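In the two assemblies presented below, subunit A is common to both, partnered first by subunit B and then by subunit C.
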Partner chain A sequence: MLAVQVLINALLLGCLYGCIAIGFSLVWGVLNVINLIHGSFIVLGAYLAWAAYQWLSIPPWFALAIAAPLFFGLGYLLQQLVLNRVITAPVLVTLTLTFGLDLILNNVMIYYFKADYRKLTLSPPMGSVSILDVVVPVDRLLATASALALTGLLYLLLRRSRIGRAIVAVRLDRDAAVLMGVDVKSIYAIAFGLGAALAGCAGVLMSLIFPISPLTSATFLGKSFVVCVLGGLGSVSGALAGGLLLAFVEGFGSTLFGPSHAITLSFGLLIIFLIVRPQGLLGRKGFE
Partner chain B sequence: MSIPGKSAARAAGLPRLLLSLIVAAGCWQFSAAQASAEDVIRFGAPLPLTGPLAPEAVKQQQGYDLWAEQANKAGGISVGGKKYKVEIIYTDYQSNTPRAVQTTEQMITQDNVNFLFAPFGSGATKAVSSVSEKYKVPLIAPTASSAQVYDQGYKYLFGTFTPNDTLTTPLTEIIKAKAPEVKKVAILARNDLFPLAIAQEMEKSAKANGFEVVYFEKYAINTLDHSATLSQMKSLAPQWIFVTGYTNDLLLVRKQMVDQQIKAPVVTMIAGPAYPDFIEAAGQSAENLSSAAWWHPAEQYAGKDIFGSTSNFVKLFRDKYKSEPDYAQASAAVCGAIFQMAIERAGSLDRDKVRDELAKFDTVTFFGPVKFGSNGQINSLEPPVFQIQGAKPVVLSPQAIKQGEFRLGVN
Partner chain C sequence: MTRSNLALLVLIACVAALPLFAGPYALRLGTIACMYAVLALSWNVVGGFAGYPSFATAAFFGFGAYATGVLLNDGVALTLSVVAALISSFALAALLGTVLLRLRGHYFAIASLSLVEVLREFVNNATDLTGGGMGLNIPLTSGSGILADASFFFFAMWGLLLATAFVVIAVSSSKLGFGLACIRQNETASNMVGLNATLYKSIAFGLSACFVSAAGGIYAAWVHYIDPSDVFDILYSVKPIVMALMGGLGSPFGVVCGALLYLGLEEVVWRNYIQIHSGVLGVLIVILLLFLPHGLTSLRTSMFWRKAKHV
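Up next, the complex of A and B:
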């Protein structure tokens, strides 16, 4: 029964990891920008959910509807006004720029919210459901379902809509997309906006599960990075696959070898993937 | 056509003018520094103001600031009939221990601090103490308890936290007396110097008192999810769950315990429940959690330090910060108060004389009786054991400040 419980835990956690990473993966895949501000966007989203619930009694599910357009706008403007100026520069320049922006955002959050930990506690709490001896926390289940719904929406957007096809076209071949009349700068801004919106929404969902503090942004960013490498860049299903793989390794690794080895195992796996399968589980090798 | 001689002279004149200006400015700065050095006593305080330990740094800083404010309000520290203002020089070591060592050395050699406060926790204090010892600067540590910090044979290091076993032993004795049916203990520790050391003390204490330790595991720093660990722990059906870590870790573990419907007659967490922000964030799930700390606002000591009584310290703290003080803030404030008394007794800013005063210090403060052992660690305190009841910490021991009875059952 312990194995089933660990499996269920890992399934739920894996979907949440996928949700954390998907925006990061999109921006990295389409814009070739390693967006170091991603973790802080997640934390900001969590604060938004916390504030909405604490001050206005808006439950996190509705806060998603506020977070998505707000963060999209924030990301869109950031890309249009700042990042687009250096987008053609080597990857190190955008990396440094997002690093600087992250420092600013993170310190602004420390200034306003303080470094204390807060917790969004639903009243009454949602509790857990137990089937036989397996326990499933309802808030985690709902967060996972929302994460899957968001992932599904992004998948549909990329597959079915004109903007989505344009994003994929830019990702596959930027020059060809320009020749076909795609406004690349605008597509970049939309993709970055989508990445930010996904990060903000992920933050809203994470606020149900994890304590909120500006200091946790680095942990979220680290998880996003590992998930992207494991799952493959720029693909929706890749982020989900990477998240699930990471959660399984952490869950079973922790049960078999002790929790102190869970992170070692996940980073060991990361190194193996970088050597053996750098394109990740579902990523494709190059697009030329 | 320009006259070469004249332009050369003009060219030479400009740097000379600049040079004399710089020298003049330097002299003025030097004399200003001299003047201020005469009027103030500088205390160096390396703190992890940014990075994962930032919440702990804020607490320490609040304690130091409150003491400095009170000392300066009273005119300053009296040394041989003359009053000196208190100045605290803060540096941010970004939760990075090697940087704490660097900034401390810098404070001694460049900022000319007279005395030092230690950084946060046992690990960083141990690292920094080698620098203060090298320069013979008295260092008081407000948040270092592990024996490994004090067994180095250092002369200039003092600390206001008693050894870790003074927390776990009374706790074990209470559980043994009040909950005789509790036999199986599970221990989960953050893999970090203090949380691990206290977990190991707990294991020793539990075994010595006849408990069976069915689970002992460490989790890595920055662990985001404990669900697998807790599922495994649940399968062993422990009656006493003992978890160590800092606020974030303990909030996460507690939330996931509720998620997994893990219940036990006794759940102890160190060091989170001592902090008001933990109790607020954990809400209902904090109920009946037991813990132990080095100080508690309910204590009632009539001290000879600048704060006087414990209740006066609590009042001053509430007035300034609009919140309840916890042991970290109180310990930082008492470090300042101890330095003040030692300097006043030495009647001098001579580091060796102040060090000698600290070594023979034996005075009651608002924090409790303060007397340092030969290794520099305080040996006069009896740390309180408490339990969260009705969203408030209720002291269970020592008898003198007991506020309530131990309650069984954490759901």
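Up next, the complex of A and C:
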């Protein structure tokens, strides 16, 4: 029964991991930028949900609707005003730049929210359902469902809408997209905005499950790295597959070897994947 | 010996005069300055010469600190433990390099970043050997008064800086340095003309690790207490990059100037605005990258050549 419980937990957590990583994957795939500020966006989203619930008693489900446009605007402006200026520079420059931005945002959060761990506790609590011996907390189930809904929404956006097709076109071949009349800089800004919005929404969902602190941003960022490399870059299904794989490895790894080895295991897996299969589970070679 | 390399050696010689007229606080700053310069010079070998965006500095800093710390606790002499850390980290990095340096660009950056995480978790979990999250206490080595202690570690770090500078200068003017420059410009082409890129990159990675690790060892003996989140701090990976970007990538003299300048700024911000010091560091990075993409050297060239560039 333990195995089934671990399996269910990993399934729920895996979808959330996918949701965390999907914005990161989008930005990496489309802009070719490793967005180190992603983890702090997630934490900021979690604080938004916490503040909305504590001060205005807005439940997290509705906070999603506030977070999405807010973070989209933030990401859009950041890309237009700052990142677009160095977008053609080598890897080192964009990477260090987003690191600098991350330091700023993280410091602002430490300054205003302090480094204490907080938790969003719903009152009344939602309890849990148990089928046979498998226990599933309802809030976690709802968070996973929302994560899947967000992922589906992004998939539809990229598949069906005009802007989505333009984003995919820029990802596949930037120069050809320019020749077809796509305004690449504004597509970059939109893609970064979408990435930020997804990070903010993922943060709102995370606030239901994990404690919130500016110090956790590095953990979220690390998970995004691993998920992206495992699943493959820039595709929605790849992020989900990577998230599920990571959650399974972590879940079964910590049951078998103890939780302290779960991180070593996941980063070891990351390095192996980077060397053996850098395009990820679902990525295509030469596609990045 | 080019003029800028000569300037580097003169600069380092000037730093050695610090104990003549300074107290323990300035000596502490001087020790950190030497340490930062070692880190930045070492990073420059793989990041500046070969053009690989390595974030592994913190991994080797922590490795050296722990290797030295564990050896010191076993009663091995300080010099011997630091040398042991230096040699073992060279071997480790060269070995890892043959695998990791097959990756390029973002993938290499992420792999080197995760090396830090992996080593930290190893140290965290090997509680019997390293004390895990509780940290590691390191016995006092000299203990003959504050000033004597401070100047001892200052000279230790300074000596390391001198050794690093000699090696880096030797590399930059040797066949190895030329090969690394070829790899930076076009790796595929240099492979084609028969340059053993894997070997060159591995040696470069090893060189960039060994002095960092020795610096970590001296640091550990200096502060007497290390814990994983301190010595495997990712900032140790990022700071050398910022220093190198400040001073201008690739030139050893520029990189050391960048390190000194960075330390000055960091100390001023840290002393006066402790609550926002990392935010100010972030602002500094952003301004630097947006407006001075080639470091301080771009100040001079942009003043004279800006008009000519757009003709």
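Couple of notes before you dig in:
One rule holds for everything that comes next: the second predicted complex is superposed on the first by the 286 of 288 C-alpha atoms of A that agree within 3 Å, B and C clash if a C-alpha of one lies under 4 Å from a C-alpha of the other, contacts with A are read in each partner's own complex, and residues count from 1 in each chain.
The rule we apply is simple: a contact is a pair of C-beta atoms (placed from the backbone, for glycine too) under 8 Å apart; a residue touches a chain by one contact, two chains touch by 3 or more.
It should be emphasised that the depicted structure is a prediction, and the values quoted were computed from it without experimental measurement.
In this overlay on subunit A, subunit B clashes with subunit C. Once chain A of one complex is fitted onto chain A of the other, the partner contacts of A:S130 are limited to subunit B, with no touch recorded for subunit C. In the superposition on chain A, A:I34 contacts subunit C only, with no contact to subunit B. With both structures placed on the common chain, the touch criterion links A:D102 to subunit C but leaves subunit B unconnected. Touch criterion met: A:Y117 reaches subunit B, while subunit C stays clear of it. In the superposition on chain A, A:I275 contacts subunit C only, with no contact to subunit B.
In the superposition on chain A, A:P259 makes contact with subunit B only, while subunit C stays out of contact range. When the two structures are aligned on the shared chain, A:A65 is found in touch with neither subunit B nor subunit C.
Once chain A of one complex is fitted onto chain A of the other, the partner contacts of A:L56 are absent, as it touches neither subunit B nor subunit C. Touch criterion met: A:L13 reaches subunit B, while subunit C stays clear of it. Taken together, the two structures place residues 107, 218, 222, 260-261, 263-264 of subunit A in contact with subunit B in one case and with subunit C in the other.
Of all the residues in subunit A, the ones that touch subunit B in their complex are 1-2, 5-6, 9-10, 13, 107, 110, 114-119, 121, 125, 128, 130, 135, 137, 139-140, 209-211, 213, 215-216, 218-219, 222-223, 247, 250-252, 254-255, 258-264. For subunit C in complex with subunit A, the residues that touch the partner chain are 47, 53, 99-100, 102-103, 105-107, 109-111, 113-115, 117-118, 121-122, 124-125, 234, 238, 241-242, 245, 275-279, 281-286, 289-290, 293. Taken together, the subunit A residues at the contact with subunit C in this complex read 28, 32, 34, 82, 85-86, 89-93, 95-97, 99-108, 111, 218, 222, 225-226, 229, 260-261, 263-264, 267-268, 270-271, 274-275, 278.
The residues of subunit B lying in touch with subunit A in their complex are 50-52, 54-55, 58, 188, 191, 217-220, 222-229, 231-232, 235, 247-248, 251-252, 255, 258-261, 277-278, 281-284.
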